[in-house]
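Here chain A shows up in two complexes: once beside chain B, once beside chain C.
Then we have the complex of A and B:
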């Protein structure tokens, strides 16, 4: 493997995303955890760019920057100010967890080590925004529309739930 | 030139070239920010029947901002005792870095552009959203109720106004058939999109002012209700970073409006002998002036009016604009 710019970029993005993930699990304050999450999401978007999937990368940042801000607000509003979470795990549980992690790592290793998709020449990397659009609105139109109906239903459900709370609050007052 | 550089193998020379280009751009942007602040104070001064800065650096106060920045550099760097120290330090960086990143995709002329990305328009809007994370982080880390209120407002405002912002450019994307900013400028050869998309332009402009957190939508830092909003506990150079991010977005957004709706570097008919860079600068200056004009003439809206206006007025208008544009395009195709 040659040390190309792409490899260096991949390496730094991968390190940042893994570090973000590890910090996400190890930090104790809610807002710190969310900031670690930001780094993970952004570096994964960077990896999408390296795979020449710019549209996916940009969509990831576009959706998650808003989503993370909302998570942060909920984290601030729903937890106490100086709240930190502490792990209360016994020795046996830690050993079992470690075995589980080892087993998972082993199975993933076996699963992907000799995986061969075969080199199929494709044109997915050129004009991929256009290709995604074409695919979504011709071949996958029904799943796409179903997803939008599902999202609409979720949206209306959220509005109804929020409204109900409001009326109850008004009655109490 | 940049294309060749991107495909060559990595080495210290290439790294040096990229680094140098980035530093040059940073210096240009800093120069712009310096004089944009002066211009803002001068324009506001004359609009309010006074002179504005006129002591430091001659009659026009040309060195006023330089003196202000020097003062900021020498100021004591205060971190409140009860602040969340690591977040307090990292927040200005998270807020500023995306502001500089978005500049990479904006085409200033047909040759002067750093990255010609296929999804340039979406890239701009997506990356600019990260700044809000920095603002909310800083607001929370300050451990101050006014800062937190400002941060909450910034988050709510960003999410409500990002949607009309994206929806209003869909008309432009439909007409030009591309998300690439170069292609969008090329598609305006037959008339700028401000002519073909007047509704989209107005919605975009209003949403852009809201995204920039400027008057009349400057609720996150409304000085008369929240003292200074999210950056109240910041001082010295950390505060300067927040300000810098704000003015770099000012620069970037004015450039983006020029590119999307005013034809970028394209000249008016019969005036093609004037170079593209001059045209871009002229249109850009006009947009900047209008934004300054807004600041000195509009009163601030209330928080509930802000949300209502975003969701009940701008969003339906933007959706209707998309529908209308698609309908007219299909009708034109038919006949």
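Then we have the complex of A and C:
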């Protein structure tokens, strides 16, 4: 593992994303949490570029740092935007959860820390978007079409769930 | 050829997944729990893309699967927020430990 440009880029992106994650856990104001989340998402997009997945990196920036962040901001603003995310759960429960997560991380790390498949030459970096398009519209055309059904169902479901039901509300009040 | 081994990418994804898991289990605000779930899904996407490049059989399939995972995550976030807003309108709370009306 020499100190090449790729390694430096990976290291800085990894540090930024982990820092964003740690800030996400420790900040109390909900809006600040969203800003930390944007840092994490953008550095994950950089990681995708390092892994020669340029199309996914752009989709990550569009979908996550754009759409999901904004929709979460809407969720905060429509509920209690000045709320602080204080955990009232007991200290013992938090410590136990932390130990459990740490144990999970350790046991998975044992499995992956020495993993190496060797370098198989691949052509993922050449015309990445074209390759994705070819695979998506020939081999995976049925899952692709099913995705549109899923998105339509989610759209209609979200509208119906968030819609103000006037008759019921009038009866209650 | 490459100076970053696959285990480094997998370790980064593991760290992000554990941060998301801890946040989803300890936070009280439902919006932050949803955000933590998104972080966990993103860590899984890093794994998929890393195996698509450095796995035993490099193929574009991992990236395709990551795209599908992103789509499902977006649908899940929108439906989750809609449920959250409907709950807030009825119960006036966003705390996850007060959303227990289906318990008894």
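Following the convention adopted for this analysis, the second predicted complex is superposed on the first by the 135 of 173 C-alpha atoms of A that agree within 3 Å, B and C clash if a C-alpha of one lies under 4 Å from a C-alpha of the other, contacts with A are read in each partner's own complex, and residues count from 1 in each chain.
Heads up, the rule we're going with is that a residue touches a chain if its C-beta (ideal position, glycine included) is under 8 Å from a C-beta of that chain, and two chains touch if they have at least 3 such contacts.
Model, not experiment: these values are computed from the prediction.
Contact with chain B, but none with chain C, is seen for A:31 once the two complexes are overlaid on the shared chain. In the superposed model, A:55 lies in contact with both chain B and chain C. Chain A is touched at more residues by one of its partners, and among chain B and chain C that partner is C. Contacts of A:70 after superposition: chain B is touched, whereas chain C is not reached. Of the two partner chains placed by superposition, only chain C is touched by A:155; chain B is not. Once the two complexes are laid over each other on the shared chain, residue contacts for A:115 go to chain C alone; chain B is not touched. Shared interface residues of chain A, touching chain B in one complex and chain C in the other, are 2, 4, 55, 59, 68, 72, 76, 128. In the complex of the two chains, the chain A residues touching chain C come out as 1-2, 4, 6-7, 10, 14, 17-18, 21-22, 24-25, 30, 33-34, 37, 40-41, 44, 47-48, 50-53, 55-56, 59-60, 63-64, 67-68, 71-72, 74-76, 78-80, 83, 85-89, 94, 97-98, 101-102, 104-105, 108-109, 112-117, 119-122, 124, 128, 131-132, 135-136, 140, 143, 147, 150-151, 153-155, 157-159, 161-162, 164.
Residue ranges of chain C in contact with chain A, taken from their complex: 1-12, 14-16, 18-23, 25-29, 31-32, 34-36, 38-39, 42, 45-46, 49-50, 52-58, 60-61, 63-64, 66-68, 70-79, 81-86, 88-89, 94, 97.
The residues of chain A lying in touch with chain B in their complex are 2-5, 8, 29, 31-32, 35, 38, 42, 54-55, 58-59, 61-62, 65-66, 68-70, 72-73, 76, 127-129. By the touch rule above, chain B contacts chain A in their complex via residues 9-10, 14, 84, 86-87, 90, 94, 117-119, 122-123, 125-127, 129-130, 132-133, 136-137, 140-141, 148, 152, 155, 158-159, 162, 179.
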